[in-house]
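Each in structure tokens, the structures are laid out below.
Both complexes below contain subunit A, partnered by subunit B and then by subunit C.
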Partner chain A sequence: MSMIDTVVRVLDTHGKLTTPAGSLAPDADLYAAGMTSHASVNVMLAVEDAFDIEFPDELLTKSTFCSIGAICSAVEGLLEAAA
Partner chain B sequence: MRMPTTIVTTPDARPLAERVAHVADIASRYAGEVDAAARFPAEAVDAMRATGLLGASLPVALGGEGLTLTELGDISAKLGAACSSTGMVFAMHHSQVLSLSRHLGGSASLAILAGRIASEQLLIASATTELGIGGDVRTSFCFVDLDGDTVRLVKNAPVISYGSEADLVLVTARRNADSAPSDQVLVVCDAANLALEATGGWDTLGLRGTASMGYKLNAVVPADRVIPEPYDVISAESMLPVCHVLWASVWLGMARALVDTSRQYVRAAARRTIGSVPPGATKLVDLIAELERFETLVADLTRRTESIWDDRAAFGAIGYQVSINNLKVTASELVAQVALAALAITGISGYRNDGKHSVARIFRDAQGAALMVHNDRIIANTARLILVQKG
Partner chain C sequence: MHSTRAGTTMAHPGVLIGCDIHPVFNVVESIDIFGERYLARVFTPAERAACGEAPERLAARYAAKESVLKLLKVPAEVAVPWTDIEVGADPNGAPSVSLRGEAARIAAELGVGTIELTLSHDGGMAMAVAAAVIGAEALAA
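Up next, the complex of A and B:
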């Protein structure tokens, strides 16, 4: 499964979005699509679990989880740092 | 015996933060081994030497970097988070450095000696406790035996932390054979002028890397190695305040490490049960609140001490002495409480000696804080102080 597919699956399970995540553009605002800040915490935990990573404090901001693209680039950065 | 002192020929030009991170990284790598073998954290102290950290608290005029107490406290905390014993060695060393460098009393030979701490990156230990004095470091049996230009000292010290590894040892003693037990001076002894006969080992619950063995100390040193200023002044203005601030900083660093591990544990638990808040999370809230109180306490006393740094009379004020004594007692209690709470949060994972959520080593180290210079003794001293305190 590609990274973007995994993120989409996580968002469908935990994001409380009003539309399927797969129908959103990579830069679409997830908060505008219905994700609450409470749901974003669950998304964060599920992304950590899916990629076996931990977001450092400096990445735990609203903007890290604002779109599918933003989540993917944060994950890429962490996977590269761990490699 | 000890290795010959490394002379640092090429000073490490990296910014302080980078050098500290490098030493902390090495300290962290060897922390488990140091603890398991109850041995001196030689790799981390070598890294302090190589990065010039052993002389960093000296004023620039003596070849140091003139670090402030705040900076020294920050470094102590970072090293303490990586390896408690390494942090304690750093804290004790710089307490000795400042006890010398702030009390040179115009002595040229002591100034040259202090300069060597930076130029040769010397490690300094202290021998303040003595068998038979009941643990009161402000009294001595042993005395300075002056014979022409040299001084002879014989002291039975139940504890000299990292004594076998030190290049210099600061020794308290009575001023002369006829002096009262409390009429003490501080004598700077070169390792070369010193015979240390081990009288006991150091196999303890925690802080095992401080190698705080007992020794019978025999020294013959030049007479100008006796610091002219009385020890009660050095103790009040440097030794005690700096020790308490830097120790508390090390313990704060240990507490931060415990909270970090607890946070990681709770997050890992949350990942397994997404959607529900794991039971450890509410305990973690309390723990973080406790850490915040700890941070505030240490920052406050560090700032207060720094604000009176050059005001000698202010160090003698009873209000300050009560506060600086209470810092040691409260900070040592806090680190033990944080350790207990971290263990409750991390459960069996924290209880284990292995695994990434282990808090076992720091938990054991944390128990030493209240005992190494026992809180009961400090509280008794503070109780005497408040009897004469006005308002």
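Up next, the complex of A and C:
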């Protein structure tokens, strides 16, 4: 499963979106698509589980979780840092 | 007098407010799914000690953290871990707020001293309102 597919699956499970995550553009605003701030906590924890990473405090911003692309970018950065 | 932050201009003196309402079930669900990891990332040890196993109290504190974030108008690119906003209690038992990190820096920049907080929960929902006066010395002049 690709990174974006995994993130989409996480969002469909935990993001409380009003539309399927797979129907959203990579840069679509997830908060505008129904994700609450609390849902973003669950998304963060589920993404950590999916990729065996941990978001450091400096990435705990609203913008880190604002879109599928932003989440993938953060995950890529953390995976590269861990490599 | 004006202060400028993140491209915005805010007049002094003034009142800043923030509010949030939060379903208690969401906290129950997150604890069920993520357990200790969820609790440790969102709540401080003191908050957890104060709330025990009561999800409605945890939900009220989550709402309080969100209300403070709204009061401070934290920019989307600024990192404020949830545990940097701690809900405690003053000597009379009324809720109080302690800030650390970027949240404390932004509050200081805005001239926010004490943040007043009120919490409530009923019918499966928890809510909080936060308020602060900025430029209080100007008001008194």
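Heads up, the rule we're going with is that the second predicted complex is superposed on the first by the 83 of 83 C-alpha atoms of A that agree within 3 Å, B and C clash if a C-alpha of one lies under 4 Å from a C-alpha of the other, contacts with A are read in each partner's own complex, and residues count from 1 in each chain.
Convention: contacts are C-beta pairs under 8 Å (C-beta built on N, C-alpha and C of every residue); 3 or more make two chains touch, one makes a residue touch a chain.
Just so you know, these numbers come straight off a predicted model, no measurement behind them.
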item: Partner chain in contact with A:80 - subunit B first, subunit C second, else both or neither; value: neither
item: Contacts of A:42 with subunit B and subunit C, given as first, second, both or neither; value: both
item: First (subunit B), second (subunit C), both or neither touched by A:63; value: second
item: Which partner reaches more residues of subunit A (counting touched residues only), subunit B or subunit C; value: C
item: Where subunit A meets both subunit C and subunit B, residue numbers; value: 14, 42, 45-46, 48
item: Subunit C residues touching subunit A - in the complex, by the definition given at the top; value: 22, 26-27, 29-30, 33-34, 37-38, 41-42, 62, 66, 69, 74, 76-82, 101
item: Touch list for subunit A against partner subunit C, complex; value: 14, 37-39, 41-42, 44-46, 48, 57-63, 66
item: Of subunit B, residues touching subunit A in the complex; value: 264, 267, 270-272, 274-275
item: Interface residues, subunit A side, partner subunit B - complex; value: 14, 42, 45-46, 48-49, 54
